[in-house]
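Each of the next two complexes has chain A plus one more chain, namely chain B in the first and chain C in the second.
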Partner chain A sequence: MSDVVLNNIGKTYPNGYHAIPSIDLTIEEGEFIVLVGPSGCGKSTLLRMVAGLETISQGDLMIKGAKVNDKEPADRDIAMVFQNYALYPHMTVYANMAYGLKNRGESKEVIAEKVTSVANMLGLEELLERKPKQLSGGQRQRVAMGRAMVRDPKVFLFDEPLSNLDAKLRVQMRVEIRQLQRKLGTTTLYVTHDQVEAMTLADRLVVLNKGKAEQIGSPMALYNKPATPFVAAFIGSPSMNLLPANLDEQGICLSDRLSLPLVHDHRGSIIWGIRPEHLEVVDEANADFALRIQAVESLGAETLIHGTVDLGVKQEPMVVRLAGPHWPEINSLLWLKAPLDHWHVFDAVTQQRL
Partner chain B sequence: MNLWQGAVLMSVYFPHKKLPYLLVLPQLVITLIFFLWPAEQAFEQAFYQEDAFGLSREFVGFDNFVYLFNDPQYYKSIWVTLVFSFSVAFSGLAIALWLAVMADRVIRGKLTYQTLLVWPYAVAPALAGVLWWLLFDPSMGPIALWLQYFGVDWNHFLNGDQAMTLVVISATWKQISYNFLFFLAGLQAVPRSLIEAASIDGASPFKRFWTIVFPLLSPTTFFLLVINLVYAFFDTFGVIDATTQGGPGVSTATMVYKVFNDGFIGLDMGSSAAQSVVLMFLVGVMTVIQFRYIERKVEY
Partner chain C sequence: MIENRPWLTFVSHFSLLLGIGVVALPVWVALVASTHPSSAFGAGEIPLWFGDQALENWRSVFLGEASSGVDVPVWYMMLNSFIMALGITVGKLFISLLSAYAIVFFRFPFRGACFWVIFITLMLPVEVRIVPTYEVVANLDMLNSYSGLILPLIASATATFLFRQCFMTMPGELIEAARIDGAGPIRFFFDILLPMSRTNIAALFVIMFIYGWNQYLWPVIITTDDAYYTLVMSIKRMLAVDQGDIEWNHVMVTTLLAMIPPVAVVIGMQKLFVKGLVDAEK
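Take a look at the complex of A and B:
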């Protein structure tokens, strides 16, 4: 049975702002869904509607087959981890985790047992008597997760839970969250604007753009076959190179100087894309075009080369990603080949993949 | 700002060494003439016995104090002060908190509502006293007549408890505005996500208030409690004088009112001065409490 169903869900704020026009999403039991998108695209709004912290303006929200649109947050059997953790500052770690159970009228013994077992799972045994302000950022994050886990809810909701942590801790907690979720098998809805977090955590990704779901699918599906230029640019780092072009009998015509042969029946303006890691360095004879190098970023394991492709009328920026260290000279030319099977072609008008 | 920073700032803004002292001089003079000098006078007076016309006086050591602390009337005034002060502080805090919680929920007309609630603070204490005195006047005050209509035999000139209720109302009324502003600011400082987390954790609005919001307001509440107690102890002479003048009998004569009564009506300067010294001591204690505990913020 599917666990959470969003059926034509929309949100209009009281001030008239139409944050989410309509979203359909069916989440299977135990699935890890990541909502990803740029700032202000409506991720939190959607999550908060599922939590019951924001009213649903339109559509139906079902959890385990029951419509919960008008249910209080407490009656939806969900738990949420907030970006700022929202730990109760005047309560100990133990009391923070016990609060929800206490409100549900559990007995002292049951509460103690549940809190202790979750605390053991998260390595919080030593910290139970501390107040939140006596904890480090990572520990607070863990307590917030513990508070969500202890009630054993049907659905976990996370709103950018790692964005207040430093880079190293973020990676560590990311792995930990994934492991815990696998172990507990709880359906999870997770919001982030970090595409690496999104790719590594998700069973399925929902890419949101201005309140619309641009594409829903597995991380690899989104990487290999992005449905729109927006998804293509958002998923993958560095971003896909996207160039405006025209499709005609000869193929993809980037300018009157540069065409790439392709047989396709679509005619008209398109967007042509290739990922930085799919461009190959070749000799001049086999090259599709040349890149004038402007900057080189050496990361040891890989090198990012930024430059422009001369299209006569204009210069189009492009990034190439090469394995290992390279030291090409600035302003020199790098001859590149774009293998056909890695091309992405989108209709410039409908913004859909061709 | 600590002293050291202050000193640095001073040397930046006042390159001339004498200017700062010149600037605080009026304040010093005022403190000297209107506070330190009378205090010293009272302190001296407390050890003398003066005749009713102020013509002669005689050193009596601690007699005034011994007499004072053997006087049942003095203990009565301490009791009146305690009942009065804690009633004022408690009702002032409770009503202001309730109003602030309501104001925090109001969305439309917020500013009007808040402005109206702040106005009473601008009314002079004696005027507030007169206002309530008129409203509760047994023969013509609208509230008194209304109470009588409902069978409450209101006459604060005869009934000591009713007189106490009246002074508590008059004194509280003014403080509500002040408390309200602090509570409102305190409420608005409680992070929304905490309330949301609590509602997901299954706490009813009532429970959320008492288990999350109220504990988080405790620094504000404690601060206001001290401020209100100090106010009720030392700053309510005007209100009492305008409403009940300490009566009937001595049922609303607080310690401060008794100083005035014994000194200027009873013309017992020695006892009055001794009472002032006791009050000065109390002010000192309260100030210490204020600085020790409030400056350091209440920990939750």
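Take a look at the complex of A and C:
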């Protein structure tokens, strides 16, 4: 049975702002769904509607088959982890974790047992008697997760839970969240604007753009077959090179000097894309075009080369990603080949993949 | 201070000491006077060192043996003062916490108007509305009663306003977390809001207690029965003797007694008080 169903969900704020026009999403039991998109695209709004913190202006929200539109957050059987953790500052870690259970009227013994077992799972045994301000950021994060876990909810909701941690801890917590979620098998809705987090955590990704779901699918599906240029640019780092072009009998015509052969029956203006990691350095004879190098970023394991492609009328920026260290000269030419099976072609008008 | 100039240190210490002297001298005089026989003041000079009558003076005042112009002993008036001050303080805190809670966290019609009406009462302290308030209290048959002493003074726009500010800085995520944890309005108030406003409540407690303890005009107006006299009132009574000399030694003992509870409250709650004034622990 599907766990959470969003049916034509929309949100209009009281000031008239149409934050989310309409979203349909069916989440299976135990699935890890990541909502990702640029700032202000409505990720938090959507999550908060599922949580019950924001009213639903339109559509139906079903959790385990029951419509919960008008239920209080506490009655929806969800648990939420906030960006700033939102721990009760005057309560100990134990009391923080126990508070939801206490309000549900569980007995002291049951509470103690549940809190202890979750604390063991998260390595919080030593910290139970401390107050939140006596904890490090990572520990607070863990307590916030513990508080969500003791309630044994049907759905976990996370709103950018890792964005206040330093880079190293973020990676560690990311792995931990994933493992815990697998172990507990709890359906999870996770909001982030970090695409690495999104790719590594998700069973399925929902890419939001201005309140619309641009594409829903597994991280690999989104990487390999982005439905729109927006998704193509958003998923993958550095993002995909996208160039405006024209499709005609000869193929893809980037400018009057440069065209790439392609047999396709679509005609008209398109957007042509290729990922930086799929471009190959070749000799001049086999090359599709040349890149004038402007900057080189060596990261050790890989090298990012930024440059421009001369299209006659204008220079289009392009990034190439090569394995291992390279030291090409600035302003020299790099001959590149774009293998046909890695091309992405989008209609410039409808923004859809061709 | 990073600067370390000897003369600066000297000047600042000197002015501090001077200030302390100015403030403390009257207290010192009262303390000293309370240890002399009443005749010591007759000559018009003020003794500056302790006399030998301390125990005697304090005992007689405390047990009401000294003539104070009031029919009840001082300890009884202290009790009255205490009941009044505590009643006013607790009442003010209770009412203003509830009204601030309603104004900040509940959406009801004319919410803003309600707040401003409360705010406007800042312009109407007891002294301004004393005649109509007396009328109301008299009609309700509350003259010469504790409720008459307390109730007209417990509405507090100041405290409501301060609690409103305090509640408004409560992080939104915390309120939402409590909602998800199933805390209804009452639980939220007692489990989250009250403990988190602890320091503000303590600070206001101190201020309100002193305000209540030092009430003079209102008790004078509505009490005619000595059984409801407060300590602060009785000092005035002691100075208004019909014939004979004012017993300064006994007046001073009473004055000192009247100072002790506010001082004790300030000292006892100093830590929380300062915390409540400077930081919000959030």
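Throughout what follows, the second predicted complex is superposed on the first by the 354 of 354 C-alpha atoms of A that agree within 3 Å, B and C clash if a C-alpha of one lies under 4 Å from a C-alpha of the other, contacts with A are read in each partner's own complex, and residues count from 1 in each chain.
One rule holds in what follows: contacts are C-beta pairs under 8 Å (C-beta built on N, C-alpha and C of every residue); 3 or more make two chains touch, one makes a residue touch a chain.
These numbers were taken from a predicted model, which means no experiment stands behind them.
After superposition on chain A, the partners chain B and chain C collide with one another. Of the two partner chains placed around the shared chain by superposition, chain B and chain C are both touched by A:N84. Contacts of A:L247 after superposition: neither chain B nor chain C is touched.
Shared-chain residue A:R104: touches chain B and chain C both. By the document's definition of touching, neither partner reaches A:L61: not chain B, not chain C.
In the superposition on chain A, A:I23 makes contact with neither chain B nor chain C.
When the two complexes are laid over each other on chain A, chain A has residues 51-53, 72-74, 78-80, 82, 84, 86, 88-90, 99-100, 103-104, 147 in contact with both chain B and chain C. Per the touch definition, chain A reaches chain B in the complex via residues 51-53, 72-74, 78-80, 82, 84, 86, 88-90, 99-100, 103-104, 147, 151.
In the complex of the two chains, the chain B residues touching chain A come out as 191, 193-194, 196-203, 207, 211-212, 215-216, 218, 300. The touching residues of chain A, when paired with chain C in their complex, are 51-53, 72-75, 78-80, 82-84, 86-91, 99-100, 103-104, 147.
Chain contact summary for the complex, chain C toward chain A: residues 171, 173-174, 176-183, 187, 191-192, 195-196, 198, 281-282.
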